[in-house]
Amino acid sequence: MDAQTSAALLGLVREKRPLVHHITNTVTINDCANITICAGGAPVMAGAAEESAEMAAAAGALVLNIGTLDPAQVESMLRAGRRANECGVPVILDPVGAGATALRTESVLRILEEVEVAVLKGNAGEIGVLAGTGGTVRGVDSGGCDGDAVETARTCARATGTVVAMTGIVDVVTDGERCVLVQNGDPLMDRLSGTGCMASSVVGCFVAVADDPLSGAAAALCAFGLAGERGAAAARGPYSFRTGLFDELYALTPEDLAGGARLEAA
Amino acid sequence: MDAQTSAALLGLVREKRPLVHHITNTVTINDCANITICAGGAPVMAGAAEESAEMAAAAGALVLNIGTLDPAQVESMLRAGRRANECGVPVILDPVGAGATALRTESVLRILEEVEVAVLKGNAGEIGVLAGTGGTVRGVDSGGCDGDAVETARTCARATGTVVAMTGIVDVVTDGERCVLVQNGDPLMDRLSGTGCMASSVVGCFVAVADDPLSGAAAALCAFGLAGERGAAAARGPYSFRTGLFDELYALTPEDLAGGARLEAA
Amino acid sequence: MDAQTSAALLGLVREKRPLVHHITNTVTINDCANITICAGGAPVMAGAAEESAEMAAAAGALVLNIGTLDPAQVESMLRAGRRANECGVPVILDPVGAGATALRTESVLRILEEVEVAVLKGNAGEIGVLAGTGGTVRGVDSGGCDGDAVETARTCARATGTVVAMTGIVDVVTDGERCVLVQNGDPLMDRLSGTGCMASSVVGCFVAVADDPLSGAAAALCAFGLAGERGAAAARGPYSFRTGLFDELYALTPEDLAGGARLEAA
């Protein structure tokens, strides 16, 4: 996994324009739709249980995000996830706020048990909770994981059988054996609601076209983080940063990513 | 239908500030509220079946948008639509993703059967599906209609008994006999989530004050498209374009529209 | 209550970063999340009845906003509100559109009866309706209250046993006895969807750290209004204003607020 591979995957996203189906929260659903377009994908959000599986079967990737979950939505996620598995459509799970309430933690564990998840994308607190090694989650914000971040991510990947993409100042992407660290990003990304959700959407775009979920997830986080760096350069605060983040991801070329991706094996 | 009529209708929207009630999707609901304000209307979104009909009775127009539909929402749409019909409030229907799933197609057909719809605003794929002549819908994006666009729109208008407003590079507005082509717009509108939904909201504002739904729909698409042209001039990407689109629609005067509307009979 | 107290409270919000739990509408939920961050708080939106009370117990304040209410959401609000009361977590209620439909008016009255509300934040029409002295509400927009604004707010505060924060060109904050007038703000705030909802979120941030809800609510409206004044200075329309509003609130220092707060006793 290197910068050239990231660049090639961005080129593939732009060429194939994968349909990325989301069952997601109402807080950042618009951000997720627009960031998918800016990355090069085509978003669709068909959350009702009566159609979520049918739409999943037609998609290039399925993103499940529990940011404003309720039991009916979890049922819809399970139906869509199982169909995605049958059709070979990769599933990305964002366990927003796992650890903060029983409903969140239990719903994530149930999804992980009943659906084969390709990439589990969470913050350090959420991944620590799901690894079983401990983490702190306050509302939907990470208070960090107990112990070493790389080890926590590896433990979680092994325990869940997924590629874990743990976001933070340095992102950790691991399948339990291989591990890639992504340094791209900017502190302003933490001052805007929904950057975690948006990252999951971008991961969906890349995993839809990648042979390997680990490469797809790492490339996506490089691209999203690099757009954040560029957007932050001209920002006067979180909202002008938001405009820059979306515009810069839209403008990002494979060449830009080849030159700007900062990733290394761990 | 000409540019002067469009300008006069924009003046009426600004003068009367019609209340536009929406039962709509969670992806672009905020965009719909704000674009309604920028056009000159007053938005309200009261989706619960327990109040949707009461609010519809008080409104100048009712916009039904199935972007994130579920069966309970469709019931609420039917209640509100029937009440709107009783009260002489025009109904605009946006059949987002009709053709992509059975739930969407069936729900649109049911609404068209039980509610008198003034304007059916969709993309070429959706209108082709609803015309019965064929169309391609991928997620919520149009893959085009089979056969000639103007003929497809006319066929759909006759089949459904509505004014059809079919958006695309050129918008086609027809009641099955009369037909107006609207050339306003910019390709960046296709790179921003929700411009189709926003167009329906603007149509709602204009149809609320127009004697004739065809004139109202055509004028609305001219105004929205012209704002898009102006917003695109200073854009660096989809999000700075978004800011420009809203600001330009807000600033658009009847004189601007008289000079910039590009429409012709077909 | 003076500008120095407002400034000190802003400093406390920034220092303590209170968790502000929202059960709110789908139109402006993203705005509420981001304005909370810009004010200095940490937003969370956990609306499901299965977790809303658990999250409320962990929060610094609970904001209930009925903008897109339905009966299930009202139940969740009641559960969360009661738990917040048990835990000493202040509750802010935004009665969006009370007076416009029976569902809205009745739901607000039920919440006021079953939950101890610290601050009731509404526009003049809503507060007039809830005071029982009369007000006009069109959709979710205020048509004003019958009679004198300050007297209406005082009457509502006494009738409901809350601090009333009545927003308008001049905001009125009163517990029925003490009364503070806040002059900060800009007319563009009325041309952007959701500024009322955002004001409630900012009130949540300040009331979470204030000893006294009246001081918290007044300081919050000063800070939000001052950010609006600053954001309006460079705006070309409602959307560039939006960017400015969020960026300016994020950048606002206690010193700025000490110098710019315009409030007086009434």
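Quick notes on this structure:
Order of writing sets the labels: A, B and C. Residues in every chain begin at 1.
Everything that follows uses one rule, which is that contacts are C-beta pairs under 8 Å (C-beta built on N, C-alpha and C of every residue); 3 or more make two chains touch, one makes a residue touch a chain.
Just so it is clear, the structure is predicted and the values come from calculations on it, not from any experiment.
Although chain B and chain C share one sequence, what matters here is the overlap of their interface residues, and that overlap falls short of half of the numbers used. Rounded to a multiple of 5, the Cα-based rotation taking chain A onto chain B is 120 degrees.
Averaging C-alpha coordinates per chain places the centre of chain B 33 Å away from that of chain C. Of all residues in chain A, those touching 2 or more other chains are 26, 30, 243, listed in ascending order.
Those residues of chain B whose C-beta lies close enough to touch chain C in the complex are 19, 21, 26, 29-30, 33-34, 37-38, 42-51, 54-55, 58-59, 242-248, 250-251. Those residues of chain C that touch chain B in the complex are listed here as 25-28, 30-31, 67-71, 97, 100-104, 138-141, 191-194, 236-240, 242-243.
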